Structure formats: structure tokens, C-alpha cells
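Given below, in the form of C-alpha cells, are the structures.
Shared between the two complexes below is subunit A, which has subunit B as its partner in the first and subunit C in the second.
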Partner chain A sequence: MSTHSTVYIAGLGIISAIGNNVAEHLDAFKNERAGMAGITIIDTIHKGKLPVAEVKLSNEQLISLTGLTEHNSRTALLSLAAAREAVADAAIPGLDELRVGLVSANTVGGMDRSEDFFVEFIADNSKGKLKNVYDHECGSITEIVADKLGITDFITTISTACSSSANAIFYGARLIKNDIADVVIAGGADSLTKFTLNGFNTLMILDEGFCKPFDENRKGLNLGEGAGYIVLVSDKVAETLSTPPYCTLSGYNNSNDAFHQTASSPDGTGSYMAMQGALKMSGLKPSDINYINLHGTGTPNNDSAEGTAVKRVFDPHYPPMSSTKSFTGHTLGASGGIEAVFSALAIRHKIIYPNLRFQTRMNELPFAPVTRYLTGKPVKHVMSNSFGFGGNCTSLIFSEV
Partner chain B sequence: MITNRYITVSCKIATGVVHKDMKSVFANPQTSLPDFLLSVYQYFAFSYPKFYKMDNLSKLGWLASEVLLKDAGLKFDPAQVAVVLANANSSLDNDLKYVKTIAEGASPSVFVYTLPNIVIGEICIRNNFKGEHAFFIQDKFDENFIFQQVNYLLDQQLASACICGWVDVLGDNYKASLFLVEDKQADNAVVFSTENMAKIFNSIN
Partner chain C sequence: MKIYIRSSACVSAQHTLGVQNFLEDIVEYTGNRLPVIEPDYKRYIDPKQIRRMSHVIKMGIAAAKECLAEAGVDMPGAIITGTAFGCMEDTITFLTRIIEYHEELLPPTAFIQSTHNTVAAQIALLLKCHNYNNTFVHKGMSFEGALFDAVMLLKEEEANNVLVGGTEEMVDTSFTVLTRLGLYRRFPVSNLDLFKTVSKGTIGGQGAAFCLLSTDISPDNLAELRAVKTLYKPKDIEEGIAGFLKANFLTITDIDLVINGKNGDINNDEPYKQLEAGLFKETTIANYKHLCGEYPTSSSFALWLASNILKKQVVPEVLLEDNKIVGPPKSVLYYNHYQGKYHSLMLLFAI
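Presenting the complex of A and B:
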């Protein structure tokens, strides 16, 4: 079996509260335009109370954009919109002749439609449209998207909470490195649901205002929704591209905190091991990293644990860093994919994203995030962190070609 | 199937009695489940403050695993120890408690136990186990199914040892029956087979 040492990123696709494609995201960052607002689309008792970062398209608009049907989950609609943009962006010559995989992550599956079903069903067990529960499983979302994109060679779904799509990305890279696939569309999607909104509300980690990641006075996260995919290709495929690839995936690591169901260990053991492991694989030193896209949810626990781990890895030379969740909210299973797209764009366009609403440095940390949109400085290596419930911690490193 | 696999130790907790290798090692019948679980913890002089935060399912499974591993002298790399458990009532015992808290403000500390596989997490955190793990929900203890799952993990060399069995709680009804499966012989070991699992699971004393 032959192996490929380098995995390139050839295409990007994204949809979130700040835009429906890559160009709209770049514009939102440049203009420091955040996506969170009062609830307008999702039907919930928290309307008017909790802010969320909704994709600004209704299900009807997403259906006409994607060509899916009205019983498909919003998760599938978002997933297809972004995955299709990524495939078009990569513009791989002779794609039909290559072994193509889809590794897609999500955490809610078709829960939004199941919630519609449940209301009627609970009132009368003979009622409720079964079509609405058909795509309940996380894997169904991937299958719908693979079907629409004509992908049949390799399809799988990863669901490991908030690190889901970061794990999907390095799983895709491993498929290419081991010569199982030539091209892998990897990332993830999640839509807002009552299930997640109520669950996070129960954990008392939602901010009733707009989130303030890495701020001393942070009060919690804002939930978001969206999808982000990158197209990974082997060195052989990269040589055939008409435009140069965005970057390479030079390092990755998944480590577990083994501490608590929903909280990180105070010293960020899992995050520390993930960052160290990714650096080791890439052969880079901490001082080589030009930008960290933090997990930075805005909860007291995450930012404190992640900050402590960043300090252990990078002290005393801290690269610029920020949490783009201050724009997109926390998109859960989509966040690793969305932030991988941001990492690749940071390298391509030499930009560093601002951490919005930051005011006060955390007492226990000797560093603060970047607060202004920066451009023009070389961005050669980007670290992207995604840390999930269950202690599931993943760091990815993207490098200039 | 020809294997050299053994149940090197077993632990069963049911009806107010703790059995190790089918011998009673502690009994405190006619007590409520929470009181009984606390009495087991105290009798064996375990010291693990997190025990007090756990739901009944995790307490039961955790206690059974502690008794199981107490003198087992497990020499394997913790990363190579797998855990395969099953039960009939998922986390329903705690789910019902959680629903009751919603009226006066849903409790985060109760909410985090509303999944059955959390008991596996508690056992793994305690022992630094990082091997494969799975939790299945089935009507009743299915020794054939567990046998197949454990052999798969060991045959494929995905694990060097496996803790497997049953941990179930709903109200006052509860039962835990755990087996440590290894490739080596031991003093009280019996061959790892469906018959031996069923015999231990169903034994009265």
C-alpha cells in the first residue's frame, strides 16, 4: 500500500450566521459584523430572551438553494449548501475518475424535524408525520448530502460533540495518507434545535447577552448554526489543480481530558495534549504558529481551561489569537469545519480575525486576544482548536504551501 | 470457539448483597438503594469524593468495578482495557429525577447523568482506561451478545482485557454483574463462556 505524506486543502465551503458563502464571510470579518441576534427562525420558548446566531435563510429559502425537500432536516440543508460550495471551489479536474469520500460530522442529526413530529405524536399516538423522523440519525444527514453530490466511494459520519468536524477533517486526511481516497470532503454541519438550546440552557452556560470569549467578565456562549467543509486532496491530485491549494493540513491530534461529562479539567490537560501532539506531528515549534483560532466558547470553564493550556504550550511568546465564535456563535458539530475554513482563509488572505466585544483580560492569563481585523502580515501556520464534551479535544494545524 | 480466555474475577451486586467470585463479601439487605450503595462504599473504605455526585446507576456500576478490580492486579496498559456494558433501563432512573427538577429549575448536576454510558466514563476516569467502550440497551442480559462483542475486541487486538456485563437501576430494582475477561489464568478463574456468564449472572447466593 502506498502512502501520501502531504494532504492539501483545495476547496472551501461555508454557511453561518455571518454569511451564506466564503465571500460573505470575508466581508463580515472585514466589517466586524457579528451574526448573533434575537431569535427569529427557530420556534422556542426562549424567543426574546436568549440571543442565538441563526443562518439568515428560512428553511424554504434553503430548500430552493439546495434542491432538497421540505421534510429534510435543516442540518442537511446547511450541510449540502456548504459542501457543494467546497466541491465547486476545488474545481478538481476529472473528479469522476477519482476515489472521493465524504466525512461529515454533526451532533443533532434531524432533531429539528423530530421535534416537529413529537408535538403531534405526544398529543395523539396515531398522529405525526413519519417522514419527519426518517432522517433523525446523524448518519442520515451525511447520506443525503453524499447522494446529492454523487459521492459513493467512502461515506462516514463522526459525532464527538464540539470537536466532531475537526475529527472528521483529520479522519479524511488519514484516508488520503493511507491511499484509501484521493479526495475527501470533510467538515460538518449543525442546525439550531430545541434539544440543544434547552440542553445548554440547563447546563447554565448560555450568555443572555452577546458572548465575550476570553474576557474576564464572560458569562457563557451563544449557540449558532451552520456548516463548514474543506476539500482535502492527495499530492497527486494537488498537482492537477488549476489554482494553487490554500494550504496543507500539517498536524492534528485528538486527546481526552478524562475529567467530567461536560467540563474541561481546570489545567486543560486534554487541550494541552492536543496542541502538543499536533505541533509534534507538524514538526513545528510553538513560536512557528502565527495565529491560533481558539475554541473560545465564552464559558467560564472552557476559556479558563483552554487559556491555561495555551499558556503551558506557548509561554512566553504568544501568537495572535482570537475566537471567531464571537461572530458565528458556537456551531457545535459544525464549528471545527467552519473554523478550518477560517484557518485556510487566514493563510490565503494574510488576515487575523478580531475577537469581538473583548474588554478585560482574564486575571489568570498573561495574554489577551486580538481585537481588531489585521491584514498584511504573513500567516504561515495556523492552529485551530476544537474541544468537546466528554473531554474530546482536537487541535489541527494548517500550513502555507 | 477455542480460546484461552478466562473470567479472572466477577462481581455481582443485587438484593442487598455483594458477591465476588460467587461468594458473598458484604450484605446489607432491607435497605433503600441509596443507603445500601453508601454502605458498600463505606464497608470497603473506598475514598473517592466524586462518588457522592454520581447518580445511582453510576454508583452501582462504579462500586461493582471497584470490588472487581480491588485485588485483580491488572497489569495491562490502561489504554488497552475495554468496557462493554448493557442494561434494560438506560438512564431512566436518573432521567425521571431530572424531569422532576425542571419545575423548580433544571439541575445541571442531575442533567449530566441523563445518559447510560456515563457509568462507563466514571469507571474509565477512575482507572485511566482509554480502550474501546460501548453501552447497549437490551431487554435482558444477553450473554451471547456480550460474548461476541468481547471476543471481537480481543480477537482484533483492540484490547488486552475487557470489563463486561450488566448494570441496571430503576427505582428499587437494581442489579450489577461484571466480569473481568483476560487471556491469563488466575486462582479463581473460570473459562470465559456464555454458560459461565449466565451461571454467575443467575446465581442466587
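Presenting the complex of A and C:
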């Protein structure tokens, strides 16, 4: 039933701790400028102890940037900022005449506002401002963005922990392939909350310093926040674009590790299956991949499992790889979207991102990530990994047009 | 390609899980919030694990495993769930502890189990199922999102069968907050009188319902799922429904039974009443939310209901408002709206 065989990426939008748009991200990478710092936006006892990668705009600044209101969740503010940039970047002629979808992902919804509500509510169940729970549901975030962008043809929300927005992107591609939509804005957003900060802290997987993905002496992850969206278009729409698309989405796979609710299996079964599945779909060999944007959270468990799976797929010819979470922190439900933007930019600008703060190769692995910003590299095919709680593993492959 | 409902299982306020009779012993509740009839979870889950699981996880696993058992399938080709609120019990537990313990010495279990994909993940874990696994969380369209994905996967020939379900738990906190938001009746009502009393508000509900979609022809299939569609803020819903039927080469006269999402709230039910006087004028209409309560993924209950009606060729009287006698239906149209913004349609046929 597929009438469209190729899905193109026509636009990018992003906001994270290292920039408020695509241009600022490219600049941060070029200057190897990470986004981690002390906590400023959340009122927490972990302030001054745990570094996080906050978007460097206050809610007030984000409200004036997006035109949303003060009761909206920060997740919605971030989501709209990035999604709007992506739509503008794609500059699709006659967008109003096309079937447009929004497939967005997040894990926290409006938890930042619900936390405010809950403090008063716990003391007295008749208290707490109700407008602070309007955006509680994950779906509310998508709805707000869809309404602001005027999208009604198809909207949905996906939440599969840290692989959420990678799944949103490939769901968007399938909507186009199945002739449900001509254009899909896909990706995700998450804001930092006390809920997630404390949650990851109880798991003892937060690094008290800046994270060191894939380093033998890695201690854990740094939480981040942000949003990343790509605009997927059918081949027919791609032909109408005034500037060439960034790349295609040539492969994707969603597999489940089915090992543990939070931990990855030692041999990275789910990650291995996701990477193999995406390669098979794209018709590429492992040696065709020019860059891997690793999930690379910096936790001992993830990097060990992912590294083992990478070894099983790529040994003995390892492409350059890095974890851009060493810049942005782990943006949870936004990470797949943010890293899809980085993947597309790597192809467009022939660049490979450094894995910051890497010092010592992991004993168990025969490879190490790239440590410097590289330019002028032929980047034809990029693999992007996103793995999450619940064993949800997704790999995407982006290819040169 | 035809897509069939191979099996369906449902945990609800009625006797719906693993029973032979079909809505013959209806349970009446008086209040503004329906519980579920708890299954014997030990039949489905290792007792050591049950203690740690929240209500929604237990309900979800029980419905999913019963559904697979009824289909005789050990390993589904994909697992897809829909939930608007996710794991509320664990979310609220963790949120409360953050505040009460001032962020110190928090146990991680509630956080670990609070992610929206927990039910789908736990099913995969129990089955050791490495296949496609996804969770949709879009308000009153969460289950429809999951179902739509399942249909696409089957059409893409990525799987021969897909386990798809909707889950929602109602905890005290969400009930209190949603009551303050004006969703529920202010005074207790019998669920069986829900449509006889005109008032603002409905009755809250919860539940878990799964079905196994399959492309395999089998005499045991419950029904054919012909189409599923969601509409966001349509200009004219009557036109939207007629358009949906037309796209499936049908008109309203081809539909033997409409299952609608009336919930007893005077404002909510207005669009249904307009359709009753318009497009659905000559069609028999069945209600279901008095049996399971109103919740964002109640459409999964409705799909269980529609599949069984078509398999058993009987429309239980409790679904009908005016005690009409209805012949054995060959086709069912499901129509529901959520807060007037989201409208969903499912079209099913007898095998």
C-alpha cells in the first residue's frame, strides 16, 4: 500500500542547553561548548550539587518567544519554539493545501506545573491552582503546539521513555509512506522537572560532575532539557522545495530489550536488534555508516550495553561515533528529536561532533569515540540510537539525498 | 488486506474478563466513580511481582495475557498500548514523597514504574518479546492512536498479529482533581440510571482492554476491523462521519448498530443527540459508558464490546436506551468524542 517509498527531511528546529536554534547549535559544536552548569530553574535541594543542561532562557523569555501564556508548561514552550523553527526552515510551498501531521513525544508532559499545583494540593485538597494542571497530560503539549501551528489533519503523542521522539520520527515517516500525510513535523520535547531529577537521582545514575559518555571512568548522566523536530515530507513535496532536503530517513527499527524495566541487558540485545533492523531496512551494510550518534548517556550500564551491541554490529570496522549528550545532557523524551537534527546537520555540513571529556577507553571495548570536532568528512549515512526505560530501543538511519 | 480481531479481553467494572456469559449479570454501582472487578492476578502474574505492581500494570497484564491465551498466541508480532494519564498511582506516590520527604531518601520503585510505557514494557518483559513496542499518550485518542499504529504495521506486513490495548487507572488524587475540574456528577447516581438523569458531569471509570489484531483468516476471529479514524476539531462531525463511511464505500443504511460514547453529561451528550436526530435517525444506538465509566481509553472497552456483539450476534439489552429489540447485527460503527475536540470512529463487521 506504500505509495511513497522515500521520506525526506526538509526542515530542522531545535532548542537545548547549547543554543536556541540550529545556528547556535552549530556554533556551540564548532567551539566545543557544552551546556551543563548549576541548577537555576528548579527549586530543589540538589541545587549546587548536581549539574544539569538547562535551556538558557527563562520561562518569561520563552513565553515572549513563543506567544504562549504563563500557565503553560515549560515543555510546551520548548516544544513550540523548536517545532516552529522546523516549519519555517522547511519553507514548504503551499503548506495549507497539504495534509500535515504533528507527531510529538515527551515523557514529563506538564509535570513542572503539576509540581507547583501539588505542593498546595497536598496540604489541602481544595487548594492548588487548576490552571497549573491543564497541561499535565503528555498529549496536552502536542495539542498546544498543533493549535499554534494550525495543524489539524493528524496529531498524536508518543511516550516510550528516552526513545520517545525517535519513535515519533519514524512513526511520522510511516504516516507519509502509508499516504496518511504529505508532511509530518516529528520529534519531541521535555523540560527539566523535580520529578525527573529526583527520579534519576534515586537510581544513582547522575554524575556529580559533567558526564563522560563511553569513558572507562564514567559516573552517570547529566539531565538536560530541550526540543528537537524535523519536518518529514513525501517525495512529491520534496520536488516542490526551493532548497534541497537535508537527507532522507532511510532506515528505522523499534525493538525491545525485554530484560529489565530500567537496566539494559549486558549484551545489548534490544540495541543490537534495533541497529540491525534499521540497517536491514535501509539496505546498508555496517561499513556504509559514516557516523554513529550514540545514545551514550554516560551511565555505566547504558554505555556498556550499547558499546557491546555496537561491537556486535560493526566489528572490526568502526565508524566515527560520539555522544552529543556530552553537550546537551540527556534530554530524555526530546533526545531522539534533538539527535535527529544533529544527524541531518552532520550530513549537510560534513561534520562529526566530538564526544567531550573523553579520556580513557572502556576496557571492554576495542573502540573509542571521536574527541575533536571534525569537518570536511564525507558523511553519507548516519545512525542515531535512542534507548529507554522499559527496554524501548530505537535506531534511525539518515542518508544523503 | 483484511484485519481481524482475533481475540479480546477486558478488565472493567463488569464481569468481562475470562467469563463465558456476555454482559448477562450486570453490576449496578451507586456513586460517581466506578471501580473494576479485580481479576485473580495470580493467574497471570508471579505473586512475588504482584506486590510491586500498581493497579494499572496489573490490570494491563491480566487483560493482555488473557487476550493472548484466548487467541492461542504466545508471542505477538508487536505490543502497542494507549493511555492518557499513564501510571498515575506511581506518579502520585513519587510526587508526594518528593514533597513530604523534601527530596531526600526516596525509594526509586515508584519513579521506575511511573513512565507511560510501563504497561507495554512489562508485557514485553513477561513474554520476553523483543518485537516492536510502542505507547501512545494523546488524551482521549490514546487507544485510537495505538490501534491506528497496529493497523499500519499489519498493512506494512511488519507483523502478522499485534497486541493492542488501552489502559487507565483512576486513583483518589486524579478523581479529586478531575472532580474539581467539573468532569463528574456532584451527587451519587446509579450507573444504570446515568442516561435517565439529565445533569452536568458523568461517572469516572477505569479499566484495561486488549485485543489481538491479526491478518490471518480463522473461524475463531471475533470480527473484522474495517477502519479506524480520528478527527481533530472537525468543522461538522456529521459530515465527518458520512465522509468516513463513504471512504469505506458505505452509507449509514449499511450500519446495523452504532455504539456511541454518550456519558450522561448534558453538554458532552449534545453532539450525540444531534446525530440521533440526524444521521443516526434510523439506526439503533447503543451506549456503553454506564458500564465502564468515562475514561480517556474507554474506546478499548467499546472495541471489546463491539467484537463480542458481532461474534455472539447479540446486542445486550442493557446497552439500549428504549428497550428496543434488535436483530443480529452484521456491522457496527463506533463513534466517540472527547471534550468535543477529538472524535474517533471505528468500523467493524461480522466475520
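The rule is short, and it goes like this: the second predicted complex is superposed on the first by the 399 of 401 C-alpha atoms of A that agree within 3 Å, B and C clash if a C-alpha of one lies under 4 Å from a C-alpha of the other, contacts with A are read in each partner's own complex, and residues count from 1 in each chain.
Quick note on the criterion: a residue touches a chain if its C-beta (ideal position, glycine included) is under 8 Å from a C-beta of that chain, and two chains touch if they have at least 3 such contacts.
This structure is a prediction, so every number in the text was calculated from the model and none was measured.
Peer 1: Consider subunit A as the common anchor and indicate whether subunit B and subunit C clash or fit when overlaid.
Peer 2: clash
Peer 1: Counting only touches as set out at the top, which of subunit B and subunit C does A:L203 meet: first, second, both, neither?
Peer 2: both
Peer 1: After the superposition on A, what does A:G390 contact: first (subunit B), second (subunit C), both or neither?
Peer 2: both
Peer 1: Now for A:H349: first (subunit B), second (subunit C), both, or neither, which partner does it touch?
Peer 2: neither
Peer 1: First (subunit B), second (subunit C), both or neither: which does A:T262 touch?
Peer 2: It touches subunit B and subunit C both.
Peer 1: Would you sort A:R357 into first (subunit B), second (subunit C), both or neither based on which partner it touches?
Peer 2: neither
Peer 1: Given the superposition on chain A, which partner contacts more residues in subunit A: subunit B or subunit C?
Peer 2: For subunit A, the partner with the higher number of touched residues is C.
Peer 1: Which one hits subunit B, of these parts of subunit C: 59-67, 95-103 or 275-283?
Peer 2: 59-67
Peer 1: After overlaying the two complexes on chain A, where does the subunit B footprint on subunit A coincide with the subunit C footprint?
Peer 2: Comparing the two interfaces on subunit A, one with subunit B and one with subunit C, the shared residues are 199, 201-203, 256, 258-262, 390.
Peer 1: Quick check: in the complex, which residue numbers of subunit A touch subunit B?
Peer 2: My answer: residues 199, 201-204, 256, 258-262, 390.
Peer 1: If we count contacts the way the header does, which residues on subunit A are in touch with subunit C in the complex?
Peer 2: Within the complex, subunit A touches subunit C at residues 1-2, 44-46, 107, 114-115, 118-119, 121-122, 125-126, 130, 133, 137-140, 142-143, 146, 152-161, 167, 171, 174-175, 177-178, 180, 194-195, 198-199, 201-203, 254-262, 269-270, 273, 388-392.
Peer 1: In the complex of these two chains, what residues of subunit C are touching subunit A?
Peer 2: 1, 79, 84-86, 91, 94-96, 98-100, 102-104, 106-108, 111-118, 120-122, 124-125, 127-139, 141-142, 145, 148-149, 152, 155-156, 173, 176-177, 180-181, 230, 232-233, 341
Peer 1: For subunit B, which residues are in contact with subunit A within the complex?
Peer 2: 106-108, 111-113, 115, 118, 121, 124-125, 128, 130
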